[in-house]
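Common to both upcoming complexes is subunit A, partnered first by subunit B, then by subunit C.
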Partner chain A sequence: MLRKHLVPLTLLIVAILLPFILTGDYFGHLLVMTCIFAVLALGLDIIIGYMGQISMGHAAFFGIGAYTSALLSLRLGLSVWLSGLTAIVFVGILGFFIGYISLSRTRGVPFAIVTFGFGLALWLLCANWYNLTRGFSGISRIPHPVIAIPWLPKIEFKSPFSYYYLVLACLFLTIYLIRRLLQCRFGRAVIAFRENESLASSIGVDPLWYGTLAFALSAALAGLSGAAFAHFVRFITPNLLGMDYVFMMLIMVIVGGKGTILGPVIGAAVFVLVPEWLRVVEQFRPVLLGIFFLLCIIFLPGGIYPGLVALWSRAFPSQKL
Partner chain B sequence: MTILRIEGLTKDFGRLRALNDVALNVQQGEILGLIGPNGSGKTTMLNVITGFLKPTAGSAIYKEGLLTGLKPHQIAKRGVTRTFQLTSLFPNLTAIENIIHGRHLYSKSSLFGSFFWNKSYREEEAKLRQEAMNILTFVNMQEKGDMIAGNLPAAEQRILEIAIALASKPELLLLDEPASGMNVPEAASAMELIRSIQQSGTTVVIVEHNMKVIMQLCSRIAVLNQGVKIAEGPPQEISKNEQVISVYLGKRREKNA
Partner chain C sequence: MDWVVIGQQTWNGLTNGVAYVIFALGLNLIFGVLKVTNIAHGEFFMLGAMLLVSLQGLLGMNFFLALISSTLLGAGLGFLCNRIAVRPLLTASPLSTLLSTLAVSYILLNAGIIIWPFPKTVEPPLSGTLNLGVVRITGASLVTLGLGGLVIAGLYFFLSRVRMGKEIDATSQHMVGASLVGINVKRVYDLTFVIAGALAAIGGGLVAPLWQANTTMGQYVLLKGFAIVVVAGMGNVLGCLWVGLLAGIAEALFGQYVAMYHKEGFLFGVMIISLLLKPEGLFTKR
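For the complex of A and B:
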């Protein structure tokens, strides 16, 4: 029992202590970004790793989550918590419809293209609906979350240090949710869909229904990630819905290790940290980053995390991780 | 009592008529054999009955309810489950997980219960695992529970497929060449298993190439040739039927030809 929970517990303690080791706003910023993108990558991994499809529309869910939460808190003056929650629900519903339409007709590469099409359409909408989004001028001065209970000191999540614990809580909640998802009827139906769709439907799984639900859940997590991003960076543009983010999150999941819990988290960390380390060779950064991902794919085709697990079990054959 | 009534079933693939006005009744509790040469329409017939293909004309009625037009998962919910001609399981999961996943229709473990790890969820999970183990024991694979399905020997993969189908508690089980890829003793024990499935109250329709196997197992046999049902009846009758013999062995050469 203890052994089973040893790894997650250690990771939790390390994650909580991390800001005390890597002090300062610079590291704090990187840690926050890692957590935000880890939630995004974990959400996308529901589609890629557990459902066996590829969505290229998730940047739109990320961006719309950011815009919804930002606009609600800024224009309507809703509390950040409420606007964030609304953003998650709204993006989840949007994901439900887009997922239903895409899945009812396509699988595999056509599915990726259809979701990409939806993402592109939403990106264009966001870029050109000037009255709502102010286009490429972006939205700035987005409020940060505050816990204000009367008689108690006000807690502001403004500094990277405090915001880190907020997004870390989101990340651990996401991880727990996905772990529990895999052990229930819904999650098993999604896995059955990935493993063998004909067999799944022949034993009574409705692939369209469970696929759509999984897509909605995945979109909602992207919405959560987007909202967390908006209230931390406090400035957003339609680029959040764009191509860069589409490929960024695909690479996070694939390089980190699809279909695992820690893979997408590692993928997110790598994607945040490696470009920072490469700052010393500024002009070669994109090239070196490309080479890095290429090497990852060639030498660790299953992803960094499964690769590490394989190395570990080769080094210590008797011990199971 | 008739459990499945097939009427005027026709299926065209372009200009090829794969099934031509086939009528067939399946009686409750029997093992019905469906035989015929390659390309005679046996698998097409299973695909049409279970909703994987839409018929061009005709209908399949299961216990007074129309199956035609329903999707495969809806048909499974009504109690009709099929297996596939080519090995078809959840290859990356263990044998027991394969069956637990096959238990979808009867699983009540919700995401909510799983998230809060409540009592009804834990009881449900324990029950699921126990039921899955019972099914594994029934097919005599209780020692293989933790093996990855894709790594099992071919014959055991085929048995596991039947076990997955059983997990969905079918009243009518349609087996598509369950013994293909098995050697003689393996096929014999598979037939034993199918007989015990029938004895536990499930109606079985079995598509099979091997005449010897099917003659011993089935109470009735229907023969398809080029999409047309050419004979139906008990095994002894079928084995004497001139038309069936000519389809399987070729036409007897006419004297003085």
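For the complex of A and C:
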């Protein structure tokens, strides 16, 4: 019992203590970004790691989550909690339809291209629908979340320090959700989708239905991540839906290790930290990031996390992680 | 409806369409022969245009010489891309080459942004306009259409008549069968990438005088290329020609009569609908 929960508990405690070790707004900012992108990467990993497909349209879900929550809280004056929740549900429904349409006819490379097409259509819509999104001028002064219960002190999630605990809670909820789902019928059906779709459908598992649900869940997580991003950075542009983010999300999942829980989290951390270290070379940063990604795909196709696990089991053959 | 506008837009669409066809042919060739989706193809196109600009500006080459040089550079780039990013991953899943070429595309795009931070305009090789009835035909568009048509015809001739081209065709039909009759498949792969890189660079060079040459043009054309390839059917060369020309014209007319800003979205919409109705492509026989 204790042994089973040892690793997650240790990680939780370390994560809670981390802002006290890495103090200051700079590190706080990096930690928040890591958590936000980890949720995003975990969501995408449902499709890449467990379903065995590649979605290149997820940046659109991320961006639409950010826009929905930001616009609802800014224009309609909804509380951030409500607008965030609406964004998650809205993006989930959108993901359901897009996932259903794409999965009903395509797999593999055509699936990647169709989702790419959907993502770009949404990106163009977002960039050109000026009255709603203000185009490339972006939306600024997005409110930050506040807990205001009468007779209790008001909690504002404004500083990186406080926001970190909010997104950390989101991250652990996401991890818990994915782990639980993987153990039940839903998760097994999704993995069956990757392993042998026709066999799965022959024993009564409807791949299209479970695939669509998984896609919707993955989109909803991207929406959550987008909403968390919008209320932290408080300035969003249509670039959130664009090519750069498609690329970044794929880096996080593939470099971290697809099909694992910790892989995408590590990928998100690497993705947040490496560009920071590359600050010295300023304008060459994206080029070096691309080279880094290319080298990872060629030499470490499984990702960093499985590589670390392999190293660990070689060093301590008797200990199982 | 004004026939002059329709005629003019059809002509403009046709010139763009020829560039799309040349671009999509390379993309389709790589897909047909190697079963690889080359995301970096758009950046080959962009580099073709930008190199042409730089060769013209820095070395003072004339348009045609610069076009030939940038085409050769594009061919070399295709070769390198194959050797570095594609060949080591051919035995892995097709999605890993999609990712590795995506990485190459990201590298080239950002290198391009460093080298050419500002958009450039290119002097057309033929100045002056021809008034054909009521439709204005600029010298630049005439060059694009003429040279583009020649390139497409040349490629068709190469693939159907020349031994090397036939080897490419054979490999795309059946890789194992081709290697059994003594075709060096690895060499064919190299050749395919060289030709595709050259085609993309020619396409970029040909549109450089018509559009403004900038570093984001590769991404736009990549998606249109995908749309064309997917609608025509992956690996289908002749289908590409019709769909590409039609896409150029349809896009121009849509931009004129419906909504300028949404003309790219329109193409993707058509692509998605066509994929859902006929996933194997309109020109592929079952």
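Note that the second predicted complex is superposed on the first by the 313 of 321 C-alpha atoms of A that agree within 3 Å, B and C clash if a C-alpha of one lies under 4 Å from a C-alpha of the other, contacts with A are read in each partner's own complex, and residues count from 1 in each chain.
Criterion: a residue touches a chain if its C-beta (ideal position, glycine included) is under 8 Å from a C-beta of that chain, and two chains touch if they have at least 3 such contacts.
What you see is a predicted model, and the numbers here were worked out from it, not measured in a lab.
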item	value
First, second, both or neither for A:Phe118, with subunit B first and subunit C second	second
Subunit C versus subunit B, contacts on subunit A by residue	C
Which of subunit B and subunit C A:Leu294 touches, first, second, both or neither	second
Partner chain in contact with A:Val274 - subunit B first, subunit C second, else both or neither	neither
Partner chain(s) touched by A:Pro207 [first = subunit B, second = subunit C, both, neither]	first
Touching partner for A:Leu250 - first (subunit B), second (subunit C), both, neither	second
Touched partner set for A:Ala192, first subunit B, second subunit C, both or neither	first
First, second, both or neither for A:Arg180, with subunit B first and subunit C second	first
Partner chain(s) touched by A:Leu78 [first = subunit B, second = subunit C, both, neither]	neither
Contact footprint of subunit A on subunit C as seen in their complex	37, 84-85, 88-89, 92, 94-96, 98-100, 102-104, 106-107, 110-111, 113-114, 219, 223, 226-227, 230, 234, 261-262, 264-265, 268-269, 271-272, 275-276, 279
Interface residues, subunit B side, partner subunit A - complex	50, 52, 71-74, 76-77, 81-84, 88-93, 100-102, 104-105, 107-111, 113-115, 117, 121, 125, 164-165, 167-168
Subunit A residues touching subunit B - in the complex, by the definition given at the top	176-177, 180-181, 183-189, 191-192, 195-196, 198-207
Subunit A residues within the subunit C interface of the complex	54, 101, 104-106, 108-110, 112-114, 116-118, 120-121, 124-125, 128, 243, 247, 250, 254, 283-284, 286-287, 289-291, 293-294, 297-298, 301
